[in-house]
Amino acid sequence: MVDFIQNCLDGVMVGSSYALLAIGFTLIFGVMRRLNLSYGPSIMLGAFVGTLVYLEFQMGGFAVAVATVIGAVLAGIYVERLCFWAIRQGAAVASMVSSFAIWMQLEEIVTVFFPERTYPFPPLADRTAIEIGPFFLKLENLIMFACAAGLTVLLQVLLYRTRFGLALRAVSENPRAARFMGINIGRVTFWAFALASALGGVAAYLIIGTDAQITPLFGLWATFKGLIAMMLGGMGSIPGAILGGLLLGVVEAQSTWYLGTEYRDLAAYALLFLFLVFRPGGLMGQVAAERERAALRRV
Amino acid sequence: MDPYLVSVLSNIGMISFIALSAYLLLLTGEISFGQQAYFAISAYGSGIATAMWGWPFWAGLLWGATLAGLAATLVAIPTLRLRGLYFSIATLAFAEMVRLVFEIFTYQVEIDGELVGPDGSDGFRDIRYIYDSNVTAFEYMLVIYGLLALVLIGFFVLERARLGSVFRMIGEDPMLTEMQGLNATAYKVLAAAMAGVIAGIGGGLYAHLTTYVEPKIFNVMLGVHSLAYGLIGGLGTALGPLLGVGIDIGFLESIRAISGYRMIVFGGLVAVLLIIRPRGILDEATVHWLRRRWRRWIHAQD
Amino acid sequence: MLEVQDVVTAYGKIEALKGVTLRVGEGQITCLLGPNGAGKTTLMLTITGILKPRRGSVRFHDKDITGQAPGGIVRAGIALVPENRLVFPEMTVAENLRAGAYSRTGSAASEIANDMEAMYNRFPRLRERSTQMAGTLSGGEQQMLSVARALMARPKLLLMDEPSLGLAPMIVEEIFQIVRDLHKDGTSIFLVEQNAHMALQVAHHFYLLEQGRVTFDGTPGEMAEDEVIQRAYLGTRQTA
């Protein structure tokens, strides 16, 4: 039982970073209804910009985080312009394949400039653990969790208390009606992309900081963790993305402990597959999915 | 023939199967990220049959393709109820599950004092049927292209048959199809099964050419690439995916000057291409136009 | 106040509007009739700047607004109550109203709050439901919300695209009462309708749009006398 709870704690800590990635995914999907496969690789590029600042200018912590976020936002904007803005609205598949092509491109750009593949990254914290009764919490995980929670609250304020947040939600609910209100969809999409990339940049800094090293594979990893967490929670739902991220973290921690490392990803994908077959709307999206189905029946 | 050329052409041929497999599903409007699963299942299945059970090559290939088709059908039944992105992600999840299962799947027997068979993440060595039977690389290439030609003929027949137009109609508007009294889901399952078999043929051929398969080859990159080939080459004809494979493997791989930057160039090219032609080079309108030109030219000859 | 001059709008090669000319007078209710597919919604989308006309001009208060961005046109004083209401289903009623005021960058928050209060006074049922998700409202309530949302932009001209579509007769009656009230308060209204009987009771001027062309232009009296319209839109019981 102690093990199980310890795993849950670890899972929630790690899952908080998955939640950030999933929120980024869900923001973009919400306003565009298109999938950005290049999300992970673009924040990976940002993290390498951070690495560059760390290695070349010997700057630590905050400067690296800022550089990572800036790099991620620039890469995200590049993806948005090329794969989404430039491709007409109806061609969702073309956008997705295009974002995949840019994924390949970003990965190769990084390997050209960073041929060693594995590079050091400033660690988030000393490797110490805090003891609470029979449980241990790693300091770096605690920092990651606190940052993720703080960012989520900030995001909530942004979405529900500002004019931009109102516009963003209007566009994701009904782009046609949003245009009648005079909302410029292109501009909202652009800033949603930038926002998602910035969130992703922070997530990348936190995750890579706990590993203290980075490889170009992080792009693929981040895309899939974010995608799985988003689907588990329900596409387009922010509370869903948070729950999905935490659930994914806990399932990974439990399966690693009880079954072994080689079963960790298998368990995650199996969970995703079962969810898709039996509860395609995810944890939070069920209502929306039902409504969509009902609408289809009516026609 | 130059051995390098033979190996590049063989590669193009094999990857064409999985690209055609993803293309067939695209026709019905479904995006699959997971056709590599059936490629993998058949690679292992046919390899086990020839290397471990001593089956002849053709029987092994048939067995592998059948397994792939069965698996595709079983996956399609629960997942094709899902629409759009949900289906795509489900195929991705399934394909990754298959890969991760092969990472732990071990089944070995002793043959001539050596252990043969899949060994988890170390892969499956010594699928030596082709080499033991003294088939040359060139002859094997002919086998690949012979089978590819058969599949292509199948596609051309399909395009002219009612089934083909039903597939395209489902891709355009599944509701309209249902309203005409056709069961769109059943047709999609059929398309998925056919796509599984096609990917399976490619997988079986692949295992016997390389004699060695390991799980990590069948990762999601292979799946997304095969999907991309159809969209680059064009969705108007079955030659589209082949063109896509040719451009990627044939053309770009052969330009040595960009060897270190291949993906930078390829990625950029594809992105720009999709802006100009969101349904690929040989899209429906182009194919239609080419056909008309062709017919007019035939008439002029008479 | 609104002058549409020889407007041609096309989707690809298909021209949905083939040279439409009409004007909407200040302080009037102008009604556009026409069958499905005549181009009524296309005209609305062209006026609001969502579609760009291939030819012709749209002038509002003697200013050319052709091809302006939708935001600019809302700011100029034209707001649309879209066909099928199109409320934001997962936002509260209050948030829907706030979205309607999105383009009013110059207004202070207190001013917008006052206007919301005014909407709640006009539509008391919206006040009761102000914290509910708009998707949970009934069809008639959603239509009211849609009208209120458009009014939040403080338009001088209100475009209404088939506000009675899919509503029960009682509710339709209510909606037309709202149209009358708005007119009384000085809002000019350009109404697209299929329900000619209801429109006859409120409108000052009629246009008929058929296959992308204006085929009738006249007062309610002239319209009631026109034989073709009689048969097609007002329809006696025998022919119906």
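As written, the chains take the letters A, B and C, and residue 1 is the first residue of each chain.
One rule holds in what follows: contacts are C-beta pairs under 8 Å (C-beta built on N, C-alpha and C of every residue); 3 or more make two chains touch, one makes a residue touch a chain.
What you are looking at is a predicted structure, and each value in this text was computed from that prediction instead of being measured.
By C-beta contact pairs, the most connected chain pair is A-B.
Overall, the chain located most centrally, as judged by its C-alpha mean against the mean of all protein C-alpha atoms, is A.
Separating the CA-averaged centres of chain B and chain C is a span of 53 Å. Distance between chain A and chain B, defined via averaged C-alpha coordinates, is recorded as 31 Å. Averaged C-alpha coordinates put the centre of chain A at 41 Å from the centre of chain C. Against chain A, the residues of chain C that register as touching in their complex are 48, 50, 69-75, 79-80, 82, 86-91, 95, 98-100, 102-103, 135, 149-150, 153.
Across the interface of their complex, chain C is touched by residues 163, 166-167, 169-170, 173-174, 176-184, 288, 291 of chain A. Against chain A, in their complex, chain B makes its touches with residues 26, 31, 78-79, 82, 85-86, 88-90, 93-94, 96-97, 100-101, 103-104, 121, 175, 220, 224, 227-228, 231-232, 260-264, 266-271, 274-275, 278-279.
Put simply, chain A touches chain B in their complex at residues 35, 37, 82-83, 86-88, 90-91, 93-98, 100-109, 112, 220, 224, 227-228, 231, 235, 262-263, 265-266, 269-270, 272-273, 276-277, 280, 296, 299.
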